[in-house]
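Chain naming follows the written order as A, B, C, D and E, and within any one chain the residues start at number 1.
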Amino acid sequence: MASVNSIYGLFADPDAADRGVNALRHAGVAQDQIVVMSSEPHEGHAFSLLDHKTIMPWLAALGGVVGGACGFLLARYTQVAYPEPLITGGMPLVAPFPSAIVTYELTMMGAVITTVVTLLITARLLKWKQPLYDSEISYGKILVGVLGPSGAARTDLENRLRSAGAEKIKTTGQL
Amino acid sequence: MLFYRRNFKSWIRIAVVMGIAGLAGLVVEHGLAAQDQSAATAAPESQVFTPAHPTVWSAVQEFFNYRPQPVQPIQFTHKVHLANGLQCVMCHVGVDQGPDARIPSDNFCMTCHRVIATDKPEIKKLTAYFNRGEDVPWQRVYGFLPSAHVKFNHAPHIRAGVDCSKCHGDMTKQTVAVRAVDHTMGFCIECHQQRNVSVDCVTCHY
Amino acid sequence: MERRDFLKISALSGAAAALDACGNPEHQLIRFIPEEDLTPGIATWKPSVCTLCPAGCGMLVRVMQGDAEVVRKGQLGLLKMGLAKKLEGNPAHPVNEGKLCPRGQAGLQVTYHPDRIRTPLVRSGPRGSGQFKEVTWDEATKQLAGQLSALASGKQQDRLAMVVPPLRGVKKSLLGAFAAALKAPAPVEFAFLDGGVVAAADAASFGPAEPPTADLGHSNYVLSFGADFLGTWNSPVAQSLAYGRMRAGRPGKRGKLVHFEPRISLTAGNADEWIPCRPGTEGALALSLCHVILRDKLAPAADAGHAGTLIEGWAQGLPDFDPEKAEQQTGVPAATIVRIAHEAATHQPAVALAGDSATAHTSGLFNALAVNALNALLGSAGKPGGILFTPAWTPSLGKTAEKSQAGGTLPALVKRIQSGPDAVKALLLFGANPVFAAPAAMQVREALEKVPFIASFGSFIDETSILADVILPDHSPLESWLDDAPVSGTARTVAKVAAPAMEPVHNTRGTPDVLLDVAHQLGGEAATALPWKSYDEALKAAFAPLQHEKGSVSATDPDEFWSKVREQGGWWSAEEKSLPVGGGKGSGVAATAAAPAFDGGADAYAFHLLPFATQMQYDGSLAHLPWMQEAPDPLSTVMWGSWVELNPATAKKLGIEQGNLVEVASQHGSVRAPALLAPGIAPDVVAMPVGQGHESFTRYASERGANPIAILAPMTVTGTDALAWAATRVKVARVGEGKIILFGARLHEMPEDVKHR
Amino acid sequence: MVIDLDRCTGCEACVVACHAENNIATVGEDQAARARAMHWIRVERYYEGEFPNVKTKFMPVPCQQCGAAPCEPVCPTFASYHTIEGLNGQVYNRCIGTRYCANACPYNTRFFNFYNPVWDKPLDLQLNPDVSVRSEGIMEKCTFCVQRIKAGEVQAAAEKRLVKDGEIQPACVQSCPTQAMVFGDLSDPESEASRLARSNRATRLLDELGTFPKVTYLQRGSWHDNENA
Amino acid sequence: MTTKTPEQINEDLLRPLEGTSPRYLAALTFFVLVVLAGAAAFLHQVYAGLGVTGLNRPVFWGFYITDFVFWIGLSHAGTLISAILRLSNATWRRPVTRCAEVITVFALSIGAMFPVVHLGRPWLAFWLFPYPSERGIWPNIRSPLLWDFFAINTYLLGSVTFLVLPILPDMALVRDRTTGWKKKLYHVLSLGWTGTPRQWSRLEMAMRIMAVAVIPVAVSVHSIVSWDFAMAPVPGWHSTIFAPYFVCGAIFSGIAALIIAMALLRKFLHLEDYLLRIHFENLGKLLLVMSLLWFYFVFAERLTTWYGNGSSEMAVFWPTQSGSYAPLFWAMVVCNFVIPFPILAIKKLRTIAGTVVASIGVVIGMWLERFLIIVPSLSHKYLPYSYGSYRPSFTEIIITVATFAGLAMLYMLFSKIIPIISVWELKAGEVTETATAPALARPEQVRAD
C-alpha cells in the first residue's frame, strides 16, 4: 500500500475515535502527524473539528468582487467596443440595467468558481495518490493514525490506540 | 494582434463545428431522404425549399471561410500588360464610376490581340474562344460570398484615392490574378477607421 | 401527383442544377461574347410603354447588366446582357407622371416568367392537350404562310379570322393593314373589361367616342356610379394622381367623393360616402339627382344641352325620377338623394363618372347616358374639374391601312364559325383569351375547336392558345418595339413609342415583324401593301407627320426627331386641349328609363352576382404573375385564390362561415370558392373576383380559384354588343369546408373578441 | 417619411414596388397559407360600422424606423441596431434568427425567411443587384430603401454637395400614384417631410408606446372641415 | 421511521449501480430512440429551414420557447429547493436533495438547448459567446437573451458543483466497494477523497457558501427568463409582475417534477425505506403553498389587466379567457389549482399517490401556462390587421417529446452511475437524528458493544 511509514487504528465508534485522537496527542504526536479518516462527517465529535478553520467565505466574497468587476468591465467594453458604438433602442451606450444584470451574474459566477477552487485546493483534492488510506473506512470504520512515527514509539502508540478502543491496528511502510 | 484574433476565432469555430461535423453525414442523408419523400408522396407537410448551399460540404467550407483559389481558363498575365504601360482602368472600365468593374470581353481583348503576340499559346486559346463566338469564362477571384450580404462600391474608394493594390495586391507582380488580400471585415474596418470613414454597419451591409 | 406539385418539383431540381453548376469551370455553361460592353452595377433607364391595361402609362425601365441563360444559334449559354430590373413611371409622361400601379410594376415578371413560351411550337398531341413540339422560326412561319396562301389561292380569304385584344396606335393600323392586304375581315377585338358602353354613351351625349378623362384634380365634388376609377377602371394611375390632388393637393380645399355601388370596391373604400344602391339602378339614381337639381332650380335644364335632351322627360323635369320613386327603385333614401344633389350642385366644379358594373347591366347604356346628362347639367362636360376628352392620336400607315374597317364582335365570330363547316378556316390569335374571358354559354371553346387551323402569337399557353396548332411566341413588351395612343388620362394628344428595353431572353420574335415577314413571303399585293422591313420602320413612318405638330419634341430633320422621340418615350402635344363637347350623334338612344333585366328568376336565384376586376389580377390576364398572386387584394387581403364575398347577415342566414366552400350557381353553371364575409356588400348581392379560375395559365395561375365569368349569362347591354356581365342572378349554398388565404385580418373572431369587460 | 391617409387609396402600388426593389421573396401559396408571406410594406384595411354605413380605412404600414425601437436592444448580436442616420438597421449577415426583434416590434413589420427563397428560373434575373438576397433563417424588414439612400449619398459626395431634399425616394414613395407618401430628412426642419410632419393632421402609429416612430401619418380630413374653413 | 445500519444503507443505495435488468434496458432503449428521433427532427429543421415548424408571422415563438421556459422552470426543482432546505437545516431533506439536484442539472441543460434549437441559423449560435473577433463586434448585452446566456451559465455551473461536490464522498465509497475497471473509474471520479476532517469541514463550508450563492442565482435565472418577455412591449408580456410570477411558477413546477421523480425512483429502485411518505407529504405541503401562490399571481395579473381595460391588453385577455385559447386556459387552471388544491389540502388525500397525481397535473398545467403566456400575446399584438394564430408542426412536437425522453434517459443513466440518494448524508442524518434523540437506541453503540 502506501509507501509512507504509518501506524493507525480502525475504530468502529466515533467516541472511541475521539479517545484515540486524544491518546495520540497525549503521546506527544504532533498535530500535523495525526490522521483521521471517516466515511461520514461525524459532526459534533472532537476529531471532526480538526483543521476546521478556513477563510473560504472571505475568498468566495473576494472572488465575487473580482467576478463582478470583470462582469462590469465586459458589459461596458462590449457596448462601446465597436469603433462607432452601436446604439440600440435609444439606450445610453452603457445601459445601466443590463450592465447591472451581467455584473450580478458574473459576481455570482466568480463566487462559485472561487469556492470550488478553494475547496479543491484546501481540501487537498485532485491528489489521487494519498499517502495513507484503508478501504475499511467505507464499511463504517474510522481511521485514526500517525504519519511517520518514530520506530521507537511504535508499541506505545499501538497500546494507546488499542486502549482507546481500536478494533484493529495496522501499520504501513518500514515499521 | 490580428493574428491572435484570427487564431482565436478559428479555434472557436473548429470547436463548434467538430460537434456537428460528425452529424453532417446524417444531415445529408436525412435531407435527401426528406426530398425523396416530398417528391414521392407530397406529404401534407412537404415543403418546396432549396437549402442555401447545394451541399452540406459547401456549407461547411463557407462556414470556415475556405475558398480555393480560382483556376483561370487562360493564364492571363497582369504583369506583362501592366509592364507594357496599360492602366487598370483601361480594361477594367467603369471601376471609377460604379460599384463594379468590367471584366473585358473577347471583343475587347481582340482589339489588340488580333495583331499582338498572336503566336503565344495563351493568345491562341483566346483566339480560339473568339472564333467560336464564346467569351472566356473567367473565374471570380475576389467578391464577397452571398452570405456576407455586403454591397461594395468601387467608385467612392477610387475617388478617395485608395490604391488598387491596397485590396488587390500588387498586380505588377502577379501573373494570373490570385486572391492576395483576404477581404475580411477586420480588413475593411481597419482602413475605414484610419481614413475616418463611416464604419456604420449599413454602410456596407444591406 | 397533381400538376402543381410536379411543377414545383421540376422548379426545385432546376434550381439545384443551377447551384451545382457554380464554381467549377468544367460544369459551367459556355459564355457568349456580349453584344455590347456594359458596366456592371450601373443602371441605365430606357423608356417603355405599359401594355397591361388600356391606360397606356409611360414607363422607365431600369436596365442593368446581368448574366442570363439564353439560347443563341441553338446553343444554351450565358450572356452578359442588359436586363430589366425594375419598372417605374416615366415622370415626363402626361398620363402617369412618373407613377405606376401595382400591375404595371409587375409587368417585369411577364418577361422573366418561367412558363413563357420560349420557342415556336407546333401542336403534337390532340387539340387542347397542351402537347407541343419545338420547331424553328422558319418552320413555324412557313406553316403560317402556307395556310394563308392556301386560303388566298382558294379565294377564301374571308374565311380567315383574327382575334386581338383592344388595340390602339400603329399596331392597330398594322394589323388592320395586314388584314386588308390579305383581303380578310378586320380583326375582332375582345376583352372582358371593355370601355365600349361608356364610349358609345359619350359619343351619343357629347360626340367623342371614347372614355372621358376625369379632371378630378380640379373638382370639388365627385360622384362615381360604379366606376372603380382608383383601381381598375379606365386610366387608374392618372385618376389616382388627380384624386390625390383633389383630396390634399389644394391648400384649404378638399373635394368630396361619393360612390354608388352595391359593393365596396377600392374606390368605394376611399369615398367619403359609400351609398349602396340596387344593382343596375345607377341611371335612375343619376336622373333622380338631376330631378332634384332641376326641381330646386339649382341649374336650368338647358345647361345639359344635347346630353339632356337625349333623356326622355328631361324638359319636363324628369317627373318619373322624383326622390321618393327613386328610393323605391334604387334603395337609396330620398333624403340622401336630395342632400347629395344639393351638395353636388353647390360645390362645383363637380363631376360624375359611370363605369364598371353600372355600365354592365342591360340598362348599362342608359345608366351611362343618365350620368352624362348629370355631368352636363352640373356644367362639367369639357370643363376643368369635369370630364375632358382626349384628342387621341390616330396614326396613318398609308392608304391600305385606311381600308380596314371595324371588326365584328366575338359573338358574331362564334356565330360565323358555327354557321357551317369550314366557315372559318384559319384563326389568328393575338394574345386575347376569349375562352377564359367569355361566358361558357357563349361557347367560344366549342367554336374554336371547329376551326381547322389556329395560330397563336401569345407569350403564354392559356385556355385559348392551348387550342392552337402553331404558336409563334411574341417578344415580351420589354423586348419589343411598342407604341400606344392613350385615349384617356390626359387632355393632351399622346403618341407613345419605345424601342426594346432589352435583348430577348428567349427564342421569340416580335409579332409585327413576323406578320411583315409572312406578308413578304406571300408576296404580291400583301408585300406591296406592307413595304416595311421591320416594325420600327413602320413606326418611324407613322410618327413622321408629328414632327410638324407643336409638341414635346422639336427637331429639324426626321432622324433627329425620331431619335428624340424614342429617347423621350413618345411625343405629346404641347398643350392640354379637350375635344369639343356638344355635338352628340345620338338621338333618343335608350332614352326611356330602362329597368335592368336579369338572367334567372328572383325566387330560384336569390342573389345578384357581381363579378369585379381585382386590383392585382385585373381581368385575369395578370393572374400568372407571382407578384400579383402574392400581393394581397387591398380589401379582402386574399392571396393566391379567389373568394365569394358575402354580407355577414346573408352568410348567417345561409349558415356560411368565413372560409367555407360555397357554391355559386346560375342558370348556366356553377363555380365553387371559399366564402369571405365583408360588411361592405349589399345583402342581396354576392361578389366574385374575376381573374382566377384559370384551367391552364402557367404554374402560378392554373387550377387556382374560380372563374365567375364562366357562369355568366350571355346577355348584352341594350343598345350595344357589350356583355352585360353584372346581369346574372345566382343561388348560393355552402358545400363544405374550404381554405381562404388571407394576408391580414385573419382572425375572424377578432371583432367580437376585442370587447371590453 | 410622411404618409397622407387622405390621399392613400390602398392600391398597393407601394407593395409591389417594394417587392421589385428589395428582392423580397414570393413565398408561394402554401407558405402564404401559413401566414409567412412577406410584404415589407403592407396596406392595412379596417372596416368600421355595419351595412350600409360602412367606412373603410387604408393605412400603409412600413417599418416605422422608431427612434427608440423595441426591436433593437433585444437582438443579442447587434444585427438590429440604430444607424447613425437614425434608421433601424438590419444587418442580415449578423442575424442568427432569434426572431426576438419581430416579437418586440409592435407594428409587426419584421419578416422572417422560414425557408431559403426560391425564384423559378429565369425570374431570378429580375433580382436587384443593389440589394442582397436574404437566405433562410434571416429576419428582414423595410430599410427605407437604404440602397437608394446610400447611392444618393455617394452620388452627392461625388459631386461634392449635400443631398437635396426629395432627391432620394424609396421605391414605395416613388411609385405612389396618389403621391400620398413623402420621404425626407426629419432632422432638417426645412425638408418637405418635416414640414408635413408638423401638420395638425399629423399622428404617429401606436405613439403611446414611446417608440418615437419616424413615419408620420396625416389623418384623413373630412369634407365638413372644408365646409367650415 | 425504521432505522437501518450504515451497512444496510450502503447496500440498499448502492444496489442500483450493480447491474441492469432487462426492463431497465428496454426502457432506456425506448428513451434513446425517442431522443434520436428528436435529434433527427432537429437536423431536418436545420437542413430545411425553420419553415418545418408551425411558426409564422406574427407568432414567431411557439413550442420551442415554451419548452425553454418550461424546462428552465423545472430546473428550479433541485438546487433551489435543496439549498433552501439545506440552509434551513431541514433534516428530512437528506434523501431528497440529490434526486432534486439531478433534475436541475439535466432540466437546465435541456432548457438551455432550446434557444439554439429555435434559432434560424443555429450554426451561428456561438456568436452569443463574448469572444474577441476581428470584426470588433461583440454580443449585445442589452439583449435579455444575453442575460439568459450569462444567468443560465452561472446557474448551470452552480448547480453542477452543487450536485457534484457531495457526490465525492459517495464516489469514494463506491471506489472502495468495487473492483476492476469500475474501481479505477470511481477512483478518478472521487478526486482522491479520503474523508479527513479537513475535507469534511471544507466540503461542509463549500456547500454552505454554494447554498447561499445558488438561491439568488436561481431566482435571477427565472426572473431573467421572464424578462425575455417582459422587456418586449407586447401586450400581456410587458408586466412588472412577471419576474416573481415566473419564479413562483418555476418552483411550483420544479417541486411537482421532483415529486414525480421521487415516486418513480422509489418504485423502480425499491427505495421504499428511504423515500418515505413524510417526504412526499412535506413536499406536498410546499406544493400546496406554491399552488396557492401561483393562483394568487394569476389572479393578480388577470385582475390588473381586466380592471385596467387597455384595448391592446384586452385583445389578448379575452381570447385566453373566452376565445380560442380559453380551453387551454381553463385546463391550466384545473391542472394547476383545481386538482392539486383539494388533494394537497386534505390530509387524507396527501398520500404518495395523491401528491403524484397533483404533481402530474401541475407539470401539465405549467407547460400550458408557458404556452399561454407566449402564443396568445404574440398572436394578438396591437394592430388587429396582423393578428394570427399558431399550430405546432410535427417537428416541434417530436422535439418537445424527445426532451422529456431525454430527461428520463439522462436520469436513468445517472442513477446507474451514481447513487441517487446521498449515502453519506443519509448516514450522517441517521446519526444526528438519533443523537438529538437520546431516548432511542444508537445502533452503532449496540453493535460496538
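We take it that a residue touches a chain if its C-beta (ideal position, glycine included) is under 8 Å from a C-beta of that chain, and two chains touch if they have at least 3 such contacts.
For clarity, every value in this text was computed on a predicted model and none was experimentally measured.
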{"item": "Neighbouring chains shared between subunit B and subunit E, ordered by label", "value": "A, C, D"}
{"item": "Winner on C-beta contact pairs when B-C is weighed against D-E", "value": "D-E"}
{"item": "Per-chain CA centroid nearest to the all-protein CA mean", "value": "D"}
{"item": "CA centroid of subunit A to CA centroid of subunit E, Å", "value": "30"}
{"item": "Whole-Å separation of chain centres (CA-atom averages), subunit B against subunit D", "value": "32"}
{"item": "Cα-centroid distance, subunit A relative to subunit B, in whole angstrom", "value": "60"}
{"item": "Interface hub residues of subunit A, defined as touching at least two other chains", "value": "82-84, 86, 88-89, 91, 95, 98"}
{"item": "For subunit B, residues contacting two or more additional chains", "value": "47-51, 99, 153, 189, 198, 200-201"}
{"item": "Multi-partner residues of subunit C (at least 2 other chains)", "value": "11-12, 15, 40-41, 744-746"}
{"item": "Full enumeration of touching chain pairs", "value": "A-B, A-D, A-E, B-C, B-D, B-E, C-D, C-E, D-E"}
{"item": "Complex interface listing, subunit C residues touching subunit E", "value": "744-747, 749-750, 753-757"}
{"item": "Complex contacts: residues of subunit B adjacent to subunit C", "value": "38-39, 42, 48, 50, 53-54, 71, 73, 93-94, 97-102, 104-108, 130, 133-137, 139, 153"}
{"item": "For the subunit D and subunit E complex, residues of the former touching the latter", "value": "31, 34-37, 42, 44-46, 61, 70, 73-78, 81, 94-100, 102-104, 106-108, 110-116, 136-139, 205-206, 209, 211"}
{"item": "In the complex, subunit E residues that touch subunit A", "value": "6-7, 10, 130, 136-143, 146-147, 150-151, 153-154, 157-158, 161, 165, 168-169, 172-173, 175-177, 187-188, 191-206, 209-210, 213-214, 216-217, 220, 224, 424, 427-428, 431-432, 435, 444-445, 447-448"}
{"item": "Sites on subunit A touched by subunit E in the complex", "value": "12-14, 16, 35-44, 47-52, 54, 56-57, 60, 71, 74-75, 77-79, 81-83, 86, 88-89, 91, 95, 98-99, 101-102, 104-106, 108-109, 111-113, 115-116, 118-120, 122-130, 132-133, 135, 137-140"}
